[in-house]
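Multiple structures follow.
In the two complexes below, chain A is the common chain; its partner is chain B in one and chain C in the other.
On to the complex of A and B.
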């Protein structure tokens, strides 16, 4: 676990050498969520809608979107933080030293994920505070604990995906395009900005995406005041997806790492 | 004890179209400083990467201190310290200490033990004043010292040094060479495999040298034994301003081989002949038509002459 800590320490130290990033991380979370609010207001003419309530069980569009925004922050950081991490190492010229070390690559990636997680949490907290003060979203301690559990289940699956992506990046030497495409796919097929029930295809595909279950569960707790025991189906689905995504991630990474050691392209840009 | 044992190693790229290492067999004893000398593209770096587990060979077998690099790669990685050429192998935004601390953790070193070892390496490499300086603010030579310190952190038995003085100024190159010979080999008793295309470096440092050309080991012996392969004890050396047509010299009867070294507008010709004095007048006559002769004389063969004699290739 010391590798996880040292990786975290290294990443944060490197980030802190770019002080402007902190300004970005303070302003951007709020800027990001405002267009959704305006968009919703323009469509339904108010901050709640009956049509929306028929699909989601809650008429509160704004809290719905803010929860989606907060949770999707972790999605982006998992994909970008882990998927792109080895790409950065290759630019820095340090990738061969990481791959050639006896350290577990899984722990190195976990360290990278945790450092991304810290910044994501900072990001998410800004959005939550915004939601609490401006839109009256109520969060109590009894709601926070199950939400943290759901988030940790979600993160396992997302990190699995990120680790697979890191392997793919080792092979194809490109990450931004894939990450943004994947990001768009996840946005399309999971209920981040809208209820996936609006279309039968999105509704079907969303069943295979962990974000769907996490968002249903978190919104259930926050907006519909559902007790945690009524969310067992979502938690079991998340757990199964965790196993699948983690297996997929590590298998892909190990296979592709071996592949680049055969082709001799580890250090290539 | 055998430190490195390579048998019939083969590595190709681009689906077999490019043969980088072609059936190399090599044995290096514990404590030996072995040099792989060859021009760019000869396969030296590919061989080093296969040894360091960064590349999976197509065929052949490698054992490091008896451990198979494919089957026991984790054990092998702990036995190896790697230094590659080029400036960007460290985190430029981190300090010297933080770089070493991170890499120490990758090798299972942490806490007080790691701190003690890092401080020791910083002192050995004469980096005490630069300890908290960001790597981006260091000179190329200093960065190479940090890279060497990193390779030594986990006290490996074997050091793989790929072009360790590449891009360094002459003064720093001397410092690094002295460190490799005096500290690493003589004092710390490390086994060292060094690749270089600087013949002076190989000549000065190595107990044995392997000439690598087109993926093969063309010759392997001590520097003295290699120099004895040149049939003549003396070579004719001519220094001139301008760039002569090499074929004019090669056509002279009695000339066996010609090495031409060009640096800016200066050229040095090293000519092999059984009778260097006898051909001198003809050589000078032909060269004067194209260049201004600065000086000439008889000299003893260098490793570069031997390399050209054995492989027909130039090192630079």
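On to the complex of A and C.
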């Protein structure tokens, strides 16, 4: 637990060293939604679209994209925060110390994941407050508990992916490109910005992405007032993906970390 | 002297290509990414109107073809990446590589380095946009007036001058803020909201509409869509050319000034190599 705590303390210190970055993640993911809102106004001429409702069950495209933006904060955290964590250590010149220390790598990763989780939640809540203030998004307290449960399921899968990527970063070093591509792929094939049902290919690929089930469930609760028990299918799918992604993440990380230590390429750039 | 500078600019350009090609998957990705990036905007539009034609857009701008409208907007905005990322990110990258002190000690003025980065970014971005246009056309078929291509290229050229000025400023700010991506990202996000990329100016709130009139990208995007798909615009073409020339002059002057001031400051403070 000391390792986890120290990782957390280190992350807090780094975040506070770059306050502009902190402000950025609090505000900008919501700002990226604004073009979608203007686009909706231009194409539909109203705040609700019948064609959109036929696909999603709700014609209100503004809360649809805002929910996507807030939830995608966790995707960024998993991909860039955890996936790129060891690359950053490499830039700082601290990777060899970290890997060479007698601390368990699992706990180091846990520390990184926990730090990311805490900061992402802070960002997501701030964005939600902005959305409530700017766009009049309504959230009732009774809906928060099931949403928290869905989010925790989503986090497990996303952070599993992030841990796998962290291992890949150790091997190929400059993984920012791959992470960026994954970010684009997740944007394209999960219903963050638009209903994937609009195209058969995106609809099919989205079935393998945890964000799809989490977003369907969260939007179901918030926009369609669905009771939690009607979302069991999504929760089971999410749980199965959690198991798959966590297994993939830890297996990939352990295999690749062992490989780079054997080949002596940890310190390479 | 000019030949000496041109050699340095070309050397910088070649160096960037070599570095990028050392990371081949990343290099290939850079040509695929713009296609993947624009698709959610297109699919979102289709989901909103249930097809590719929007009667409301037709009423607002004179054409209801949402796919051509969105794609043309985002193609032009690709050049914003040149300023914000290609140029703006350049000095921070040198800091990472540990080569910034060596480059700054070279016997050429600072702008030569930035011009090299601009040359490279424009060539790379041009290639990316070319591939983006071909693939999107194959996927969705975009319809535009071929007679509008030449005047559109002229407007892009003028817009780029202003964006280069912006890029110089961003590159310099990265020397102070260190985490340069944040400056690039903030500027990129703000300009992307204010510029009528996938919507006409008329849907923006009044205060944003007024800010948009000071953005070179507004005249670039609207002017090009005017030539290629007949979008109704609030300015005449000579006005757009004049405004873009003016923005180019102001932004390049401003960018160089900020760059020189910050360059002097970080060298005086001894923080050039700091992280």
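One rule holds for everything that comes next: the second predicted complex is superposed on the first by the 261 of 269 C-alpha atoms of A that agree within 3 Å, B and C clash if a C-alpha of one lies under 4 Å from a C-alpha of the other, contacts with A are read in each partner's own complex, and residues count from 1 in each chain.
By our rule, a residue touches a chain if its C-beta (ideal position, glycine included) is under 8 Å from a C-beta of that chain, and two chains touch if they have at least 3 such contacts.
Keep in mind it's a predicted model, so treat the numbers as computed, not measured.
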{"item": "Clash or fit, chain B versus chain C on superposed chain A", "value": "fit"}
{"item": "Which superposed partner A:101 touches (first chain B, second chain C, both, neither)", "value": "first"}
{"item": "First, second, both or neither for A:247, with chain B first and chain C second", "value": "neither"}
{"item": "Which of chain B and chain C A:208 touches, first, second, both or neither", "value": "neither"}
{"item": "First, second, both or neither for A:263, with chain B first and chain C second", "value": "first"}
{"item": "Contact breadth on chain A, by residue count: chain C or chain B", "value": "C"}
{"item": "Which of chain B and chain C A:6 touches, first, second, both or neither", "value": "first"}
{"item": "Chain C versus chain B - closest C-alpha approach in the superposed model, Å", "value": "9"}
{"item": "Intersection of chain A interface sets (partners chain B, chain C)", "value": "92"}
{"item": "Chain A to chain C touching residues, read off their complex", "value": "18, 20-21, 24, 28, 31-32, 34-36, 38-45, 49-52, 54-56, 61, 65, 91-92, 172, 174, 176-178, 180-181, 184-185, 187-188, 192-195, 198-199, 202"}
{"item": "Chain C residues touching chain A - in the complex, by the definition given at the top", "value": "23, 25-26, 29-30, 32-33, 36-37, 39-41, 43-51, 54, 56-57, 59-60, 66, 70, 96, 177-179, 182, 185-186, 189-190, 192-193, 197-200, 203-204, 275"}
{"item": "Of all residues in chain B, those that touch chain A in their complex", "value": "11, 13, 20, 46, 49, 52-56, 74, 77-78, 80, 82, 84, 86-94, 98, 101-103, 105-108, 110, 134, 150"}
{"item": "Chain A to chain B touching residues, read off their complex", "value": "2-3, 5-7, 9-10, 13-14, 17, 92-94, 96-103, 108, 258, 261-264, 266"}
